[in-house]
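To keep things simple, chains are lettered A, B, C, D and E as they appear, and every chain counts its residues starting from 1.
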């Protein structure tokens, strides 16, 4: 006879809703970098998520009697793998997807969430474009704009000041340049940029250019390779002597990379060990130490993602639109402090930090500078397309 | 113009500061076999390379059927009807004898290249009467399915000849076709080359086997230090004192 | 059709028939595929494997058929993929026009790049193509004018493609699309190989100098191989973008070309089935090998060994070396050998 | 002027690094016809060997002393790895050039993945002697000291290899063996041993390059070798496939072009300058780069 | 060319005086499926020239290669009382065999001088034996061997093995592609060398064989089909036709 619908299961019946009892588990899929270049970020995220789930469910792992069933899939930072994993998870009845360590993954998975009407909570990926991507896409971390706004705050009144952005000539670098231009340029600063080609091995020519221009503030947006030689070159060419240098504080293992320059740099930070102190932070710390881990940059994003997921399930265990409605406008306490999800574009309004590095014995540790109010660093609204 | 099919006029070739060829002029007409002899290093292979287009002369011109082809590539000259063999054999070792000839037939085909025009499947033995006929012509008909690398030396030489003939050339350049061929096969090859000449092809043959040259050649050109020492009938040339001194020496 | 050719076509037809039917097969193959065979996850995975298999076949036109070692094939796949997503999103072209534009541009690109790179041969050719592909990769990463999305990639403009290609529930259609691409490539390559040009490619692979004096225009034949390979590769890129829902910079990288090389050798260079099989298995293994670290037997190993085994490329790399050693003709060659041995005894 | 001096010196310094990376590749390719894709892995091995050695030595020793020991260890590790790779992987495939390339590709993938599994993908910082991190004032330009060291080492390696090839019996055998291994053996010379020596030499050169590059970058990471390898490839191609002198000239040219373009040209050109240089050389002098058939 | 009587050097001792320098016993060579040598056995006497004859492709080159370990072989090979069949090529060569390959195989990228120094670092084109036998090479010391003509390359190939003292020389078709004058010269060189070193010579040129060889070994279908004196074989027209497919008369006519 003629075959049935392509892709249909053997017998009719929706997977995940079987039995009809209220005790049916809620399936949550985590798609993140377990391997690949961002595996360390991914691992922090996962640790934070575990701690957060324990905290938000009071250690039961259940919400309203529904067990939260986590399925992890590795995307190795490769969007193709992430898409396949997300498709698989959605096909298996997961209505909630979280993770996305890299922006590339987040931006490829977000449309899938929209196509299939599932809840997607992006992780450490910082791309501004994730905010306002669509109705079903949220994020649990900060975005580039908030980093830049934090940097801007360090200069006090920027009006009439000269700001230079040193960034790699890549999407990440360009986003930073755009953000600085928007944030600080909007406040009257003259913003220009030095964009370093991805293929450049030696940054001396660029350091020379910066030194020649001697701006008031240098904002460095640098991801990945060559960071150590870039910092030592800036230091060797005497950029620090005339210019205030700001950059983002990355995960702990990178703190030594700044070398001699480390104590001369002003850091903006999304989150670090000792940035805040509240019930959620303590729960995170406790949850992590149970796993033999410590607080670091992206443990927050995992923790917050778990909090958001639990809150969404509390609203409904099957109706994604109800979950979205519950999250929109929700305000809660995360490890960083008070957090609010802006209904218009799902931006996560959250406090940000400034910090400096200090040599303590043989290790280098961050010291908290200021805590910036969520409103001061809030990105402009980017409504859904 | 003479009826020469292939002719070199005042060819000179300098390389690495040395004058390898100097003012060499020769013609080969249809149905004629020109033997080219000369001591080792005289420039015979260099001359063949220049005539076939593998190297460009420093001075002089090469004409093929009256047209100046000095600036034409080897490929172009092949398509205009000039074939050649090499001093050391060059076959597609991984293919059978039949496939080697088949490729040669195809290479010379005049049809324009169309990527999706199907040719006959490569591995079938009946790949065309042309192939069979060529193998027959060089007396290795029964070896069509043997891999080229498994052929005996003499048969390889014959196969090369078949490939050179595949394009129905007007002119054929042979660089030492008998080198290393056993006495038995020398006779066979001599016969085949004679037939080719008789079919109206202009043949120029470099060869050290004097009895082959003397038996086959209509005329003989002697090169010495890159210059034409003598040209003429085989008999006249062998009796030339300079040739005997420079080339033949004390005969074995 | 003569009976002999019918026999040749039969296995291919059979395989295609089975593959076409898969989306109606609601059985589970635990461990082999995630969930049901016709579940979206499985079909998405299979679709990806099929697309890459077709791309591997397009690479084999250069490597296995013509003997051209190119390290820049990624360039053409990326061109197909990015040109499609860009022309849909930024130039608002309708899908058919976008596809034509992508393929035409890719072919043109192949003419230019091939034309220059063919000025050298051998390893130098490989390096020159590598340099071109590297340049393209750099340009994509740099996100000029915001069109490529840089390292974040570019997602497909959903509103510009038919609904049947969007959404998890429509995974079977994306799967069939990928399958269709493989069939088209298969037919194209088979015809090419049997054509005069195909024979010329084989001659060049065997002995280029000889092919030249026979009267083959080797430059043109090689360029043709590059252009056909690029066209099919570009088509693969287009289908890849549709199946994946976007372009990812991964397809621009040298690693991607190297992976293609590995696939082709793994399956058997110069064999249509080999390239397809190699591409399929490699992609499958790359996606599923991560499970290895979770597999029970690995628990007994020390931590370091587990971490190393968790890297799919480690396992694939080693497996590849083993294949090069013990089955230089690839898996299909090995299969053929075993069959022959079986018959002999 | 000041800027120009700085750009030139750092450009030559960069060229020195490229030469070090390319030299091992170039001798192995030029002499054995093997395009060693695992060269990046060899460099990675050198940098990790150096990093581990410096970490394992007592902290009371000065950084420079530890670095010196690390160089020796890295050279040894590189040589041993090169030797093993030649004996175990390359030698059995002798005459199958494509297969040899493929094996090294597999090795490159597997070893980088292994390093990632063992030490993680993140860069680890390495210690650098005080002097190397400092600068010297010349004509108003602050020249980083480490570049002088790189240039010195590169010149030494260049002259050493040149002398080896042209003035020693080993060099003669190597050059003959490149052309026809069988015949060298038929003359009573054990060519296997020679080729093993070449690979060990290439491995040691790679390890040295890797270690110095990690000093330059201030970090070690699994991907480092691979990113340097691309430049090494380009340098070897521009240099004429396996000619040592050509490699040296090309390395300096690539380093300078890159630095000058990055400083003087509009943003964007600097990025592609190296590829443009390659295309230019190719269009102007294709015959100088005719590679050996693969 | 005219027929001439065998010109054997009267000073060379007759083969029976000393034991063989090289013994090949039951030598088998297989290339993949084809069994090229099927139990070849013969001796090379300690003096004079032994010619190894046979039609194209019977395995003459293969025999020489098998002796020095360049072809996959089984059987027994004894050099001056020492079994060498299990030794690697370089060791066999250093045990006292010189090999002149069929296709010259000079190192094209090396200069003539370097080609020679490869064998003995102290002896280049200025070695006395080179000056005596191959004066043409002396002036070409700095030329790259790849640019030499075929005959010149043959000279280099021969000169190369003569630099070292060896127990026996294996020479494969040394006159292939040489001008008639040079054929005579090479024959003379070989005859002179044979006074001090025994030679196993593969050659198609029967007049040359007749002129310098003492004994002959004829191969056919992978086996030895004839052994005997060179003069006797060449004199017997029926036998040459049967074994080599050619009559001496025709071949001798120039």
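Heads up, the rule we're going with is that contacts are C-beta pairs under 8 Å (C-beta built on N, C-alpha and C of every residue); 3 or more make two chains touch, one makes a residue touch a chain.
Computed from a predicted structure; not experimentally measured.
The set of chains touching chain A and also touching chain B is given as C. Common partners of chain A and chain D, by the touch rule above, are C.
Relative to the C-alpha centre of chain B, the farthest chain centre belongs to A. For the pair chain B and chain C, the distance between mean C-alpha positions equals 45 Å. If each chain is reduced to the centroid of its CA atoms, chain C and chain E end up 54 Å from each other.
Chain A and chain E, compared by their mean Cα positions, are separated by 79 Å. Residues of chain C in contact with two or more other chains: 134, 138, 142, 310-312. Residues of chain A found to touch two or more other chains are 35, 169, 197-199.
By the document's touch criterion, interfaces exist between A-C, A-D, B-C, B-E, C-D, D-E. Note for the complex: chain B touches chain C at residues 52, 54, 74-75, 78-79, 84, 90-95, 102-104, 106-109, 111, 113-119, 121-122, 163, 166-167.
Residues of chain E touching chain D in their complex: 68, 70, 88-90, 93-94, 99, 101, 105, 107-110, 114-115, 117-119, 121, 160-161, 164. Here chain B touches chain E in the complex through residues 15-16, 37-42, 45, 87-88, 150-155, 176, 179-187, 208, 210-211, 214, 246-252, going by the rule given at the top. Chain contact summary for the complex, chain C toward chain A: residues 21, 23-24, 26-27, 34-36, 38-45, 48, 134, 138, 141-143, 146, 149-153, 155-156, 158, 166-173, 244-246, 248-250, 287, 290, 310-312. Interface of chain E with chain B (complex): residues 1-2, 4, 34, 54-57, 102-103, 147-152, 154, 173, 176-185, 187, 204-208, 211, 244-246, 250-251, 253-254.
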